[in-house]
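Consider the two complexes below, in which subunit A is the common component and subunit B and subunit C are the respective partners.
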Partner chain A sequence: MIQAILVFNNHGKPRLVRFYQQEIQQQIVRETFHLVLKRDDNICNFLEGGSLIGGSDYKLIYRHYATLYFVFCVDSSESELGILDLIQVFVETLDKCFENVCELDLIFHMDKVHYILQEVVMGGMVLETNMNEIVAQIEAQNRLEKSEVTPRWA
Partner chain B sequence: MLQLSTRPGRLYLPSLTEAPRQGRSLLSHSLPSPAASPLFHPRAPHNHTCWQKRGLQPPVAPQHPERTQKRHGGLGLPAVLASRPLHGLEHTSPYFCKSKEAEIKRINKELANIRSKFKGDKALDGYSKKKYVCKLLFIFLLGHDIDFGHMEAVNLLSSNKYTEKQIGYLFISVLVNSNSELIRLINNAIKNDLASRNPTFMCLALHCIANVGSREMGEAFAADIPRILVAGDSMDSVKQSAALCLLRLYKASPDLVPMGEWTARVVHLLNDQHMGVVTAAVSLITCLCKKNPDDFKTCISLAVSRLSRIVSSASTDLQDYTYYFVPAPWLSVKLLRLLQCYPPPEDAAVKGRLVECLETVLNKAQEPPKSKKVQHSNAKNAILFETISLIIHYDSEPNLLVRACNQLGQFLQHRETNLRYLALESMCTLASSEFSHEAVKTHIDTVINALKTERDVSVRQRAADLLYAMCDRSNAKQIVSEMLRYLETADYAIREEIVLKVAILAEKYAVDYSWYVDTILNLIRIAGDYVSEEVWYRVLQIVTNRDDVQGYAAKTVFEALQAPACHENMVKVGGYILGEFGNLIAGDPRSSPPVQFSLLHSKFHLCSVATRALLLSTYIKFINLFPETKATIQGVLRAGSQLRNADVELQQRAVEYLTLSSVASTDVLATVLEEMPPFPERESSILAKLKRKKGPGAGSALDDGRRDPSSNDINGGVEPTPSTVSTPSPSADLLGLRAAPPPAAPPASSGAGNLLVDVFSDGPAAQPSLGPTPEEAFLRFVCKNNGVLFENQLLQIGVKSEFRQNLGRMYLFYGNKTSVQFQNFSPTVVHPGDLQTHILPTKRVAAQVDGGAQVQQVLNIECLRDFLTPPLLSVRFRYGGAPQSLTLKLPVTINKFFQPTEMAAQDFFQRWKQLSLPQQEAQKIFKANHPMDAEVTKAKLLGFGSALLDNVDPNPENFVGAGIIQTKALQVGCLLRLEPNAQAQMYRLTLRTSKEPVSRHLCELLAQQF
Partner chain C sequence: MSDIVEKTLTALPGLFLQNQSVGGPAGVKTSFSSRLGGLVRGITALTSKHEEEKLIQQELSNLKATVSAPTTTLRMMKECMVRLIYCEMLGYDASFGYIHAIKLAQQGNLLEKRVGYLAVSLFLHENHELLLLLVNTVVKDLQSTNLVEVCMALTIVSQIFPREMIPAVLPLIEDKLQHSKEIIRRKAVLALYKFHLIAPNQVQHIHIKFRKALCDRDVGVMAASLHIYFRMIKENSSGYKDLTGSFVTILKQVVGGKLPVDFNYHSVPAPWIQIQLLRILGLLGKDDQRTSELMYDVLDESLRRAELNHNVTYAILFECVHTVYSIYPKSELLEKAAKCIGKFVLSPKINLKYLGLKALTYVIQQDPTLALQHQMTIIECLDHPDPIIKRETLELLYRITNAQNITVIVQKMLEYLHQSKEEYIIVNLVGKIADILVLNTVDTYAPDNAWFIQTMNAVFSVGGDVMHPDIPNNFMRLLAEGFDDETEDQQLRLYAVQSYLTLLDVENVFYPQKFLQVMSWVLGEYYYLLDKDTPEEVLTKLYKLLMNDSVSSETKAWLIAAVTKLTSQAHSSNIVERLIQEFTISLDTCMRQHAFELKHLRENVELMKSLLPVDKSCEDMVVDASLSFLDGFVAEELSQGAAPYKPHHQRQEEKLSQEKVLNFEPYGLSFSSSGFTGRQSPAGISLGSDISGNSAETGMKETNSLKLEGIKKLWGKEGYLPKKEGKTGDETEALPVPQESIIMENVDQAVTKKDQCQVLTQSKEEKEKQLLASSLFVGLGSESTINLLGKADTVSHKFRRKPKVKETKSGETTSAHSMTCSYFSSSSNATYEDDYYLDALQDRGDKELNKFSLNSELLDSESLTELPSVEKLSNCKLSSSPSLFTDNNMEGFHPSQSTAPSVAPETSLASSLLEETSEHMHSELVEVCHNETISVSSYKIWKDDCLFIVWSVSNKSGLELKSANLEIAPAENFKVRQ
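And now, the complex of A and B:
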C-alpha cells in the first residue's frame, strides 16, 4: 500500500502532498526532502526512510524529474520497480493532460493534479495504470466541467 | 485580470532562477531531445488565447534568454484541456514571496479575506466557493493550518454541479480527519451520491470513503460496497473504485466487512474483461485472502490462467496495458504477489501451467531488450523480481531456485544501481532456502566487493544484510572480518546495526572463544559509540560462563586498555573482566596487580558516573583478589572526591566499600566478593524472576513473560541494585512504566547487579523493540487487564483496569519517553456506533506532559448492552512543534464483563442443550499459535473471565467454562468448551450463548489467544 505521495521541487517547496493513512505532517515532508536531496542522480531510487513515516516496513521510492522530486512512501507489499513505473505513468499522464507539464502547472492547477492522481491512486491503492484510460477519465471530467462553466470574466 | 497583470513586476521565482536543470521538461529523458521541448518552463506570454497562464508568468530575466525560446505547448492545446485555472490563486501563492515573513503575511491576509467572504452576508456562488476552497487547499499544502472552510466544503458536496462536488470531496479527503464532527454530514452526502446511480458521482463518493477510510465511514458503508462491487449493472470504473474502497475499509477495520456470498463473485472478477477491474480485484483479494485463505482458494487457478495469458501474449496484444513493450507489468506483479499468499497449487495442471509461466519469465530475461529505455527494463525486471520472489516463496523447485539465483547473480554486477539493490535484497531471502544456500554463497566475493565499493548507502546496507544472511560456519571468519573492516568507514546511520550483526555472528559461529573475545573487543575499539549495552553485557556473560577463555580475555583487555585513548565501553568491559579474572594474569610482572590498578585508575577521571561506579566495584574486588593493593585502593576510596561525591551512587559505593574493606575479615570479604557465578540460561532466569515478582493471583503473569520479550529487557534494565531506590510496587512494575528512564540520564544502576539480566532478545532484533503492533497489544488485553497498550519512540501508554459486574474502571498512564515536553496533549475516547459502552472520563488530563513524566487518566465504564466494537482512544499532542496523533482500540471487550459461574456437570449439560439453536453456537477450529501448555491455557481462560469447570468433560484434556456477561440491559449466559489436539497442534473452540452475535464475537476473541 502507498502510505504517502510527496512532490516537491529542488528547493523543498511542497507541490503535491497526499497522505493516505495519517494526517499530513510538514516535518515529514521536510525531512524526506533532506533525505532525497543529498542523493546523487545515479544512485538507487529506493531508500529506507521508514522511521519517518510508517515504520521499518516502509520504503521511500523516488524519481527526480527536472525541478521536481516525486516521492512515494510504500510498504513491502509493493514492488519497488513497479512503483517507479507508476511514478513514470503519473508524470507522463500529467504531461499529457497539461501539454508539457511544468512545475507551475502543479501550482496553478492544484485541483486538477489531485484529480489526476485520484485516477491513478485511490486511498493508497493503485486504481489504474493504463495511461489512455486515465487521460480519458480526465477528459470526461473536463467536458463535464466545461458544460457547467458560465463565463464570468467577460 | 487587471489586478493580476500589475503584479508580476515585483515577483520572482525562486526555483527557476538558478537551477541548471530548469530547461528540461519533467520528462526530458524520455523524449528525443530536451532542447526541442523545453517543457519545464513557465510559459511565455506570446499566446493570448492561452490567457490562463498570463497571470502566472514570471518576469523573464534578460540574462536567461533560453527561457523565451520555449516552444509553447499551448498552441495545440485541445479545447478540453484549456480549462480555466481558478484565478486569484496566484495571490495566495507565496511562490512569489521574497521571504518567509512576507509569505506568512500574505497568507494571513488571504485567510482573513477568505474568512470574511465565507462569513459575509452575500451568499457565495458555487464558483467562488470552489475558488476559495481551492485556495485553502493550497495554503494547507504550504504547511499552514486551516481551521475553517470545512462547512463550506461539506455544502459543496450536495451541489448538483460536478465540479463543485468534486472540489468539496477533494477538500474533505485532504483536510478532514477521521473523527471530525462533520462526518455525519459527510456520510449523508456520500450516501446520496452512492444511491444516485450516476457513475461519476458514485466514483467521487467511493474515492472519498477510500481516502478518509475512517471507522465511522466503515460502519456506514461497509455493507453497501460489496453490493455495488458485484452488482451486474455497475460500470467498470465504479467496480474498480468499489473494490479498492472495500479494501481500504477492510484494512482500517476488518471486523466491519462481513464475508458473504459476494466473496465468490469477487474472485470471478479476475476473469473480467476490463484489466483495470482485474487490477483492483487482485489487490482486494490479496488482502482478503490473508485472513480467509480458504474462502478465496479458487483464485489460484484463475490467477494462474490470467497470468499465463499475459506472460505469453505478444507485446502488442494488450494494447493500452502494454507499457514500454511489456504487457501489463503492474497486473503481472500483482498476480504474482497474490500467488505468494498460497502454497504451490495442488492441482497438477495448474501447477504445470504456473511453472511454465515462471520459466517463460526467466527466459525472457535473457532475450535482448525490445527497447533501450529504462522504463522497458524496469517493467520487465519488476515482473522478473516478483517471479523470483514467488519461486523463493514456494521453495520447492530446486531447478527454478538455482536459475533464480543465477539471474540474481547477474544483477549483482548490473550497471543499474536499482537492480543491484534489489538483487541483494532478494538474495537475502534466497540464502535461507536449503536448496540455494550454497549457490548464494558462491557470490560472496561480489557481495564483499559491493560492501566496499558501492556509492550508495542503501545498497551497502543490503550487502551487509546479505553477508549476514549467507554467513555460516564455513565463512564466518571471512565475513566477520570484512564487516569489521567495513565498520571503520561505514555510514553512521548503519553502524549500530552492523555492530549488532557482527556480535551475533561472532557468537553464533564461534569455534574458539578467543576469536569471539577478539572480535567484540575490536568492535568496541572501532565503533565504541555504537556498541550498545546488550553487546558488551553479552561478552561479559560469555566470558564469565566459560573458564577456558577467561585468562585470554583478561590478557586481551589489559592490552587493549593500554591504548592511550580507549573507548569508555572498553573501560567498562576491562574493569569488569579484570575485577573478576585479573588474578589470572597477575603472575606476569608486566601486569602485576598494582599495574592493573593504576592502568584502570588512569581512565577513572575521564569516565561517566556509570563507569566510575563500575570501576569502584572493580576496586573492591581487587582488594579481595590482591591484598597488596588494599592500602592504595582505600586511599582512593577515602579521597574527598569519592566520599563526598555529589553523585549519590558514587558516594554510597565509596562509603560502603571503604567500610567493608576495613571492617570485614578476609574470609567475609572473600565470600562477599566471590567471583560471579555463571549466568543462568535466559528463559529460566526471566521466568523465575517474573513468578517471584508478580506473585500469585496474577493469572496472566505466566504468558505475560513468555510473550513479551521486549518488556523483559526493559524490566530487567531498571532492576535496581540493592543500594539504590526502593523496589517499585508490583503493580507499577507490571505496567513497566517505571521502566522507561528519561533518555538523558543513563541508568544509574549499571553495577554488577544489572548484569544478571540477559539482554539479548530473540534473534537479530536486539535493538530496543518498541513492542507489539497496536492490534497485537489489543489482543493481549483480552485475557489480562494490565500492561502496556502502546509504545513508540515518544510515548508509552500503560493500562490498569478492573471490572465488576457491568462496571469497570480503567487507569491510563501516558509516559513521555523523550526529554521534551508534549504540548496540547489531549487523549479522548470515542465510541463508535451506538453508545453501548458508556464511558465517563473523570477528569481532564493536563495539556502539557513534561519530558520523562507520566500522567494518568481515569475512565469509568459502564456496559449498557452487549457490544462488538471496542471504544477508541485518540491521543493528540505536539512534539517539538509537529502534531502527533494516534488512535488505538481501548482494551474493553465484552468478556471483561464476565462473571464466572460455577456449576455441576449435570447443570452444565442441561444448559448446553438449552442453547442448541444453530445460531446460538459459534465454533472455530484453528492452529495453535503458541506452545500448547495446559497451565497457560487455564490461566488464559480464567483471564478471559469464565469459570473453569472440572470433571464436566469426560476428556480431562479438554477445558469447559461458564459465565454470565453482565450488561445494564440484559445478561447473557455463556458456555464454552475448548478441545486441544496436541498431535495436530490444533484447537477446537465451541461457544454457546443466548445471543448470536455474542457467541461469534467471543469465539473470535478467544480463538486469537492460543
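And now, the complex of A and C:
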C-alpha cells in the first residue's frame, strides 16, 4: 500500500503532495525533504522513514529527475524495485501527456498532474501500470475538456 | 543545470499561451486561470519565507471573499479551488474552502465536479465531518449513465469515504463489478478493496464476487483483485488454499508471455502482476508442503525466465527468492535462489546490493552458509558511504551474532552509532546492541566484565535520552540479580562502580539523564564494594551533580536517593548536611520532600539502616500495609470526636450526589462504528438481506485495527522465525540435509581459499578485511570444525542468568532431562514422548556395541533397512542426528551426504538433538564433558524470546544406569555424577 506520494524540487519546494491514509501533514513533508535532499545521487534509492510515517514498516522510495524528486512512501507489502519502476512509469506518462515535461508543467497544471496520478495510483493501490492505457484515459479526459461534452467512449 | 534552465525558459511563453488558450474566450476565466500563474510567479519571486507567508495570507483572504460571494460562478469556483489546493499544499490553512469544494463536486458540470472531487480528496481526511455531505453526491454519480462521473465517484470512494456510510454505496459498487467497461470494473474492485481495509465485515458477503474478478477476462481487473487477495491471504492464508492452483496458472500464463503485449514493460511481461502473484504464493505456501509442491514448477520457470536485462527483472527475481525461502523448502530451488542472492549482493548497482543484503538477512537463519559465501562483500558494505547500506549490513550482522564475533559486531555497531544523527536510527541501534549484550535475553555473549560495562557506557552516553526505558531498567536488574556466580557478580558490580567514578571525574562532560540515573543507582547500591571507610568521595560527586542546573529534576530524585542510601552507610558527613540545608529550602517540592526525609532518617540511624539495607535491592521488604501500628492513634482520635476516614471513591460519590444539577456527561454518539447503524443513513438505501445475515460475524470483525490472529509470527526478537508450526519430523528434515553438503563444500572452499590467499601476496587492506571477516563470521556454518569447547563455550556461558531461565523454562528443560534420564533406567533402547522425541541417538564409542536407536520403535521396517547407510553417514557428527528419521522422499539426499568428508570421525559423542532444534536457530552440539561411560553435551536453541540450554546425557557403555544426578557448580559449568 502506498501511503503518500511527494514531489518536490531541488530546493524542497513541494510540487505535488498526496496522502492516502491521512490528510496532508506538513511535518512529514518537511522531514521527507530533509531526508531525501541530503542524499547523494549515487547511493541507493531506498530510505527507511522510521518514525516519520507510521513507523519502521514504512520506507521511502525516491527517484531524482533533473530538478525534481519523486518520493513514494510505501509499506512492506510493496516491492521496492517495483515501486522504483512505477515512479518511472508515472514520470514517463507525465512526459507523454505534457510533451517534454518540466517542473513548470507540474506547477501550472497541478490539477492535471493529480488526474494523471489518479489513473496510476488509486487510494494507495496501484491501479494501472500500462502506460498506453493511462495515456488513453487522460486523453479521453482531455477531449472532454476541449469539447465540454460527453466523451466519445461514454 | 543549464539545460534545465533553458528548457524552463523556452517552456514559459508556451505555458502562458496555453493557459490563455485553456481559458478560452471567456474573459473571466482567463483572468482567474492566470491568477494561479500570478500567484506561483509571485511566490517564486519572493526571497524570504516571511514574504511568502504574507502573500499567501493575502491571497487566501481574497479567495475567502470570492468563494463566499453569492455572485461567484461555479467556473470561477473551479479556479479558486485549484489555487486553494496550491496554498494548502504549501502548508497554509484553507479550511474555509472545504465546504465549497463539496458544493462544487455536487453542483458542477463534469469538469467542475472533477476539480471539486480532487479538492475534497486532498483537503479532507477519512473522519472529517463534512465528508457526510458528500455521500449523496457520490450515490448520485454512481448511478449516472455518464462513465466519467461513475469513474470519478469510484475514485473518490477509494480515496476517502466515511466508514459509516459504506452501506449506502455498497450495492451500487457491487453492481459495477458486472459493468461492461473494464476500467469501471477495475475501479470498483479497488473501491471494494478499500472497504475491505476500513470495514472488513461489510464486504464479507461479496468474497465470491472477488473470485469472479480474479477470473475476469480483462487483465487489469484481475490485477486489481490481486490486491484484495494479497491482503486477505495475509490475514488468513488457510482460507484460500484452494485458489493456489488458479494463482499458479495465472503466473504461468504471465511468465509464459500469454498476456497482451501492452502489458509488457521493457519487454518483461506484466512485472507488477508477477510480483504480486509471487508474494501471494509465498504466503500460501508457507509451512504447507502440499500447497508448496504446486508452485515449485512455476517458481523454477520464473527464476529461469528472468533474464537480467532490466531493473524490473531484478524486482521479480527478488520476489522469487523471497517466495522460495518462504514456502516449504525444495533443495533445487533453494540452490538457485541462493545463486540469485549472489547476483544481488555482488551487483555493482547499489539498489540491488541493498536488496541482496535484505534477502541475506531474511534467509540467514535458514542458511547461515550464505553469509559465509558473501563475507567479503558484507565487509565492504560495512564501510559503504551510504548509511542505509551500512545499516542493513549491521542488521544482517545482528542476526548472526554469536559468542565469538560479538566484540567485533558490537564495535561496528558502536562506530555507526557514533556517526548517526537521526533519532530513529539511534533508538533502533541502541536497542539492538542492548539486545545483543544482555538486556532482553537471558544469555549473553559478553566476553568479560570490563568490555560489558564499557560497551554499556558507550550505549548509554550516545543513546541515553532516546533509548527505550526498558534498557536501563533491564541493565540495573541484571546487575542486581546477577548471574550464576556470586563472586563474578560482585566483580561486575565493582567494575561498574569504578568505571562510573572515573566517568564522573571527567570535567565538563555532559551525560544523558538516563545514564546519570543508572550511575546514581549503581553508586548508591554498590559503592560499599569499594571497601572505603566513608563514601565522602562519591557524595561530593553526587552533590556536584545535584547542584548542576542541566540535570533534570527526575534525575535529581535518583541522585538524592543514592545519597540517602550512602548516608545510611556513612556516620556523619558534612556534605550531606550541606545538601539537606540546600534542599530543604528548594523550590522543587519533590526535592524538598526528599531532603526532609533524609534529614529525619539521619536522626534515626537504626531505622535508616533497616530501611536501606546493603545489597538487598532484589529482596522484598516486609511492610505492614494495613498500618496496624496506627490503630491506637486512630482509636484515640475517633474517641475525641474526629470524623472517620472515608475512602476516595466514597467522597467522590457524596460530592456528586450533592451537585446533581447539570449532567456534563456526553450522550452516546449517534453513529457507532458498527456498520449497521449506517443503514439509518440519510441516503436511506436499505441493504439486502445478505448483510443482516452476517450479523453474527460483525461483532468479531467490528474493530478496524490490525488483526493479528491467524497471522503467523514471522519476525521475533531475534529476527525471522522459520517454521514455527512444523512439528512433524519429516517436515523439518528436508532442509538441513542439503545444507550439510553445502557446509562441507564451503569449509573446503574456505580452506583452499585461505591457502591461496596466503600464497598470493596481498595488499594490507585486503588482509585486514580477511581478518575482519574471519572474526565476524566465525561460528557460522563452519563451526563443526572448530572446537567450541576450549574457548568459546566457556566464554559464552559465563554470564548465564541462572535463576530466571530455570524458573521460566523449567517445564521444558526438565522434561528434556527426565526424558534422557528415563532412557538410562529403562533397559529398552527406545523411548517415546509426545512432545519431544529424540531424533536419533547413536552410540559410536565402541564399534562392537549395539547401536542404540531411540526411535527404532517408531521407525517402520523400511527405514530400519536404511540404518547401515546411516551408520556410514554418522561419521559426520552433524548429519547423524537428522538422518535417522528419514522417510521415503529423503532417500535421494543420502549419496551426497556420504560423499561428504568425515569431519570428526574420532568423535564418540552420542549426539542427540531434540527434534525442535531443526525448527529454530540452534548452536552446534558441544560435548561438555565425558568419561568412559557417559557423555554430556549441550547446545542452545533460540526460540521466540528465550533461549533454551539443552543438556543431553548419553550412555556409552551399554550398561544399565540406575540414576543420574546433574549438579550445577559455579566453578565449572556442569558436572555429572552417577
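A few notes on this one:
The rule we apply is simple: the second predicted complex is superposed on the first by the 147 of 154 C-alpha atoms of A that agree within 3 Å, B and C clash if a C-alpha of one lies under 4 Å from a C-alpha of the other, contacts with A are read in each partner's own complex, and residues count from 1 in each chain.
Here is the rule we use: a contact is a pair of C-beta atoms (placed from the backbone, for glycine too) under 8 Å apart; a residue touches a chain by one contact, two chains touch by 3 or more.
Please read all numbers here as calculations on a predicted model, not as lab measurements.
Judged by the touch definition given at the top, the superposed model places A:L94 against subunit B, while subunit C stays out of reach. In the superposition on chain A, A:K38 makes contact with neither subunit B nor subunit C.
When the two complexes are overlaid, the chain among subunit B and subunit C that reaches more residues of subunit A is B.
Of the two partner chains placed by the overlay, subunit B and subunit C both lie in contact with A:V126.
Touch criterion met: A:Y65 reaches subunit B, while subunit C stays clear of it. Comparing which residues of subunit A touch subunit B with which touch subunit C, the overlap comprises 14, 16-18, 20-24, 26, 29, 40, 42-48, 66-67, 77, 79-82, 84-86, 89, 100, 102-104, 107-108, 110-111, 114-115, 118, 122-123, 125-130, 132-133, 137, 140-141, 144-145, 148, 153. On the subunit C side of its complex with subunit A, the touching residues are 4, 7-8, 11-12, 15, 19, 36-37, 40, 82, 85-86, 88-91, 109-111, 114-115, 118, 122-126, 128, 146-148, 155, 158-160, 183, 186-187, 190-191, 193-194, 220, 224, 227, 230-231, 234, 262-263, 265, 270-272, 275, 279, 311-312, 314-315, 318-319, 350-351, 353-355, 385-386, 388-389, 391, 422-425, 428. Within the complex formed with subunit B, the subunit A residues making contact are 1, 9-11, 13-18, 20-27, 29, 39-40, 42-48, 65-68, 77, 79-82, 84-86, 88-89, 91-92, 94-95, 97-104, 107-112, 114-115, 118, 122-133, 137, 139-146, 148-149, 152-153. Here subunit B touches subunit A in the complex through residues 1, 14-16, 19, 21-22, 24-28, 30, 37, 39-43, 52-53, 56, 73-74, 76-81, 83-87, 89-90, 93, 95, 127, 134, 137-138, 140-143, 161-163, 166-167, 170, 174, 177, 200, 206-207, 209-211, 213, 237, 240-241, 244-245, 247-248, 251, 275-276, 279-280, 283, 286, 320-321, 323, 329-331, 333, 337, 375, 378-379, 381-382, 385-386, 417-418, 420-422, 455-456, 458-459, 461, 881-883, 885, going by the rule given at the top.
Residue ranges of subunit A in contact with subunit C, taken from their complex: 14, 16-18, 20-24, 26, 29, 40, 42-48, 50-52, 56, 66-67, 77, 79-82, 84-86, 89, 100, 102-105, 107-108, 110-111, 114-115, 118, 122-123, 125-130, 132-133, 137, 140-141, 144-145, 148, 150-151, 153-154.
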